[in-house]
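Mind having a look at this structure? Questions to follow.
Should a chain be cited, it is by its letter among A, B, C and D, assigned in written order, with residues numbered from 1 in that chain.
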Amino acid sequence: MREFFEKLGKIDRRIIYLIVAIGVITPILFKARLPIKPLPEVRQAFDYIESLPESSAVLISIDYDASSMPELQPMLYALLRHVFRKNLRVIMLGHWPLGVPLGQIALEDVAKEMGKKYGVDYCFLGYRPGIAAVMLNLGKEIRSVFASDYKYTPLDSLPMMRNIHNYNDIALLIGLEAGSVGDFWVQFAQARFNQKIILGSTAVITPDIYPYLQAGQIVGLIGGLRGAADYETLVNTPGPASIGMYSQTVVHILVVALIILGNVGYFVLRRRK
Amino acid sequence: MKREIPLAITFISGFLLIVALFIPHKPFGTLQETFNDWYIIVSGFTMILGIDSLLLHNWNKVKRRKSDWPYALALIMSFFLTFLWGLYSIVYEPTHNPFAPTASFLKYFYKSIFVPLQATMFALLAFFIASAAYRAFRAREINSTLLLFSAALVMLGRVPEGEQAAPYVFGIIFLLFAVYFFIEASLLTAGFLKYLYIALGVLLLAAIYPVGKLLLAYLPKIADWIMNIPQLAAKRGILIGVALGGIAMSLRIIVGIERTYLK
Amino acid sequence: MVPLLLSILFSLEPVRNVRAFDTPDDGGGSITVTWEIPESDTFITRIEIFRMEGSTEATPELVGYFLRPQTQFVDNTVEDGIPYYYFVRIRSDSVYVDSKITTTPAISKAQWFSGRRLPALIILVLYFGFLMFYIFKAKTGGSLFIRKIAGLEAIDEAVGRSTEMGRPILYILGLGFISDIPTVASLAILKRVSKKAAEYEAEVIVPCFDPIVMVAAQETVKEGYLEAGRPDLYNEGQVFYLTSDQFGYAAGVDGIMLRQRPGAVFLQGLFFAESLILAETGHSIGAIQISGTTAVTQLPFFIAATDYTLIGEEMYAASAYLSKDPLALGTIKGEDIAKMVLVVLILIGTLMETLGIHWLSNFFALF
Amino acid sequence: MTSVFWTWVAAFFTLSILSFLYKDNPFYKFAEHIYVGSSAAFYVLQLWVFDVYPKLVGGFQYKVGIEKWILIIPAFLSVLMLTRFIKPISWLSRWAIAFTVGMAAGLGVTGLLQGFLVPQVKATFLPFYVPGTSFWNSFYLSVNNILIVLGTVATIFYFYFSREHKGALGTISRAGITFIMIAFGASFGYTVMARVSLLIGRMYFLIHDWLHLA
């Protein structure tokens, strides 16, 4: 009996790794889902997109790279599905050069799935250096920074872009943020051009973005994997985030349980000394 | 001379940057950016030394047939293959930029080799965070107990349905503590400490239900409170110390008291 | 006639009090324009700012616009020394009214002192004063006490134990560049570690993330060996470059830990998410680990996974603590006095806020 | 077909890195060495394309007058750095290091002063009494402010070095370490979610994209 308690105090780390792995994998394999109550700021974002008239233009900015992919990519998929289902048009660009291709993958994926056409329903502009400069020029004329799309097709050859020149022609801007680019969007696009903005962010920077929501500078906020799961739920397309939420809860409880076990072992051991 | 000139260079460049903070006039107003540009240029050329060091280090392993030398060779080859692939994208592909979305470098190397390696290394943290918590979070004394509790509260407060699990988790913790106190008490002879332990044990048992109710109703709020009040206060204290210490360290460097790479 | 009629209909009044002046505290090339919007103007869809160069007679040029009510515009397209005049036009769709043209010319110029930063200057001069005072005091003698810092006391022991086990010492400088102060602080500790290691004839391995840090670390280790009187033991291959990728570096260092089995691991400098990967692997090979960083978010992981941790400022105090250089110790005393002053300041500030006096907090907000 | 091939490549590297959790093995060794080598090359390319080329080559091409010719200084410092390849004059590289260390000191002062010291002190000027919607609301907000101020002050005292932590200083610095420990626990707990998200992302890739199981 005593030996058993002592063992609790020093479980081999590999067993802990195994427990965590099982905790993550099982819910994914069985597509287990928790009943998710979306947070109000996520619902706000969803409702805003719902309210947009058909064929409005939505600008999506990819401001993250591979290391934040697990949180922001599911968010992007859910948003794209919603936007395309509402028959809105998507213009995609980005300020993190190494993340921009990740945005393109998602865009092509969802477009194919929903039968959307390049140049008519969506287009991909890519990356240009200079964060503030790009944002300010988008207020004047999009062609002054992006004369052409990523394949060097002039914007005027893309049917959907013919009447789009600046923020006036863009109904909504969605920024997916892993760093400080979101602050720039608020500072330049919202404060100067009154652009409506929804920000999606990694869990780490979400606390920094909350003040914008409270001040009414953004019309919605989707934070972390939790936010992504909320959005998937709202759009009713369960994906990696909603499935992941189960794993999250399981792993968190497992870790707390492990801490308790460790302490039980520790106290029994200490008692003997 | 070998010592004085570097010290003078350090003094001048450090001093100029500080003065520049207060002078908007040219060239001081943009000095920080200018220096940053210079730094980037110097660091770009120093990369040659870095790569030389990396390749030589591994080439020596290959040459001397040290253990694991085939891996060292794989490292050298992967360096050159990646580098040449990038060069190919610069020279032969229409965008002349390996980081353009259409470049084969980005499409294949970056997406299928680099990203999985990076993301998986990063993902290892989920395992390590569990093993570190298990090993280190022991209620040794009052402070480590507080650390443990605040970690557990925030952890459960951040996940959906966390508040459903929390009452059970903390109920078990309280129960265990109570049992511990009773055992301690049973081993003591009658006295103040014995009754104190018994009282603590009873108190913990009595607290299980109300605390459980409280957690069920307010857990996410409690977690936020911990983050926004005590967490913030300590973080701020540490940051003020870091700022004072860092400025003092900078001054020591500028006036030449601190010279790590010089005698 | 029609616009005039419509403007009466919508009661579009021109903006008032248009002022243009040189933007203060800047490097020139900038004029700030401010104005007031009459409360009756509720139909504004666009605000346009026009500029005339040289005189009020010149052709107006559109220099900026807003799509929402704003009362300030910074024109960064001006040249120093030329007089400019401005007026502001507000629109409600196709209807517009212009404000009066500014009467005094605005001329941009660069300032030699940023008044906005005066508080920062005062704080800096005071703080430098404290530090210099205690440096001079230390010069004239008088020993200074410094409390025990467990993590620093453990350095010699860790190096010694590692040597006894016949294992090398691994020193990790983190992901900082040399332009980050924590990296420089870490180099100071590295010097001490390599000196001790040279005395014990133990090997120090330093894998680097940044090439400039690598060069500086090579010089530092060489200097440490020289101070110990064993320059013969130093070899350049001990300090080498791995990669500038965060997790590539972590993967490489993990490999070194597993295969070279260091007896002591130092993690000192600036760390990000990789901190725990390194510290857990170090723990799994049974090395004594001494960590230190100023990155507040990574400190919990170091506390959990390593044997000793230098928290924030303790890392900066390390070089003074280890070298026992009286001048450096003098600055530590200066820091402590500054802390007392700050605490008093914080208490005064909170008291003033409680009483509804915001003078002090406004002073600090001047940045 | 190619996409299937590249998915397998990605899965191979993912599993190789994960195998490290069990113990060091040839797969991890291989993946690790490939990672270090290729990422080093990756950053050389990135540094060239995004930094050195536009700043130095671009600078010499497009800048004029003094702004152009001043670029000789960093070019010269770079040459000094490279003297390390020539042993007899390698000490010249210390001049270049001296410049970078001086920059560290200068940026250290300005950055810490502007970015940390003044804003953090200012943010701690909190009133001890906050009027709220009700007595208890006001009480709650006021106590929060008092806790923040006291916690900050106590933590500052923990870093008081030049006196033994005994007596009053001992008491307050112990309160400081209590705050620090609560903060570390909370910060640890806060990060778990983000880290687990990363693992979920990888597992989802393996199960969904590679094995097509879910």
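By our rule, contacts are C-beta pairs under 8 Å (C-beta built on N, C-alpha and C of every residue); 3 or more make two chains touch, one makes a residue touch a chain.
All values reported here derive from a predicted model rather than from experimental measurement.
Novice: Looking at the contacts, which chains touch chain B and chain D alike?
Specialist: A, C
Novice: Using C-alpha centroids, which chain lies at the maximum separation from chain D?
Specialist: Greatest centre separation from chain D goes to chain A.
Novice: If you tally contacts for every chain pair, which pair is highest?
Specialist: Going pair by pair, the biggest contact count turns up for B-D.
Novice: Could you work out how far the Cα centre of chain A sits from that of chain D, in whole Å?
Specialist: Chain A and chain D have C-alpha centres separated by 22 Å.
Novice: Quick one: report the Å distance separating chain A from chain C, using the average Cα coordinate of each chain.
Specialist: Roughly 28 Å, centre to centre.
Novice: Once you find the CA centre of chain B and the CA centre of chain C, what distance in Å lies between them?
Specialist: 17
Novice: Could you please state the distance in Å, as a whole number, between where the Cα atoms of chain A are centred and where those of chain B are centred?
Specialist: Centres of chain A and chain B (C-alpha means) sit 22 Å apart.
Novice: Name the residues of chain D that each touch 2 or more other chains.
Specialist: Answer for chain D, listing residues that touch two or more other chains: 17, 20-21, 29, 31-33, 35-37, 39-40, 42-43, 47, 50, 81, 84, 94, 97, 100-101, 103-105, 107-109, 112-114, 117, 121, 124, 149, 152-153, 156, 159, 180, 184-185, 187-188, 191-193, 196, 198-199, 201-202.
Novice: At least two partner chains per residue is the criterion; list those residues in chain B.
Specialist: 18, 21, 39, 42-43, 46-51, 54, 68, 99, 110-111, 114-115, 117-119, 121-127, 129, 131, 133, 135, 137, 148, 151-152, 155, 158-159, 227, 235, 238-242, 244-247, 249-251, 253, 261-262 - these are the residues of chain B that touch more than one other chain.
Novice: If a residue has to touch 2 or more other chains to count, which residues of chain A qualify?
Specialist: 13, 17, 20-21, 24, 67, 69-70, 97, 226, 248, 251-252, 255
Novice: How about chain A: which of its residues touch chain C in the complex?
Specialist: It comes out as residues 13, 67, 167-168, 192-194.
Novice: Where on chain C does chain B make contact in their complex?
Specialist: 25-28, 110-114, 117, 120-121, 124, 127-128, 131, 135, 177, 179, 181-182, 184-185, 187-188, 190-191, 208, 210-212, 214-216, 219-220, 223, 226-227, 237, 240-248, 250-251, 259, 273, 276-277, 279-280, 283, 294, 296, 299, 301, 303-305, 311-313, 315-317, 319-320, 325, 327-328, 331-332, 334-335, 338-339, 342
Novice: Under the stated contact criterion, what part of chain C meets chain D in this complex?
Specialist: Against chain D, chain C makes touches at 119-120, 123-124, 144-147, 149, 178-181, 183-184, 212, 215-216, 219, 241-245, 247-249, 251-252, 254-255, 258-259, 296-297, 299-301, 303-304, 311-314, 317, 332-333, 335-336, 339, 342-343, 345-347, 349-354, 356, 360-361, 364-365, 367.
Novice: Enumerate the contact residues on chain B facing chain D in the complex.
Specialist: Listed in rising order, the residues are 2, 5-7, 9-18, 20-21, 32, 34-35, 37-52, 54, 68, 71-72, 74-83, 86-87, 90, 97-99, 108-127, 129, 133, 137, 142-144, 146-155, 157-159, 223, 225-247, 249-251, 253-254, 261-262.
Novice: With touch defined as at the start, can you tell me which chain D residues reach chain B in the complex?
Specialist: On the chain D side, the touching residues are 6-7, 9-11, 13-14, 17-18, 20-21, 29-52, 55-56, 59, 70-71, 73-75, 77-79, 81-82, 84-85, 91, 94-110, 112-114, 116-117, 120-121, 123-124, 144, 147-156, 158-159, 176-193, 195-196, 198-199, 201-202, 205.
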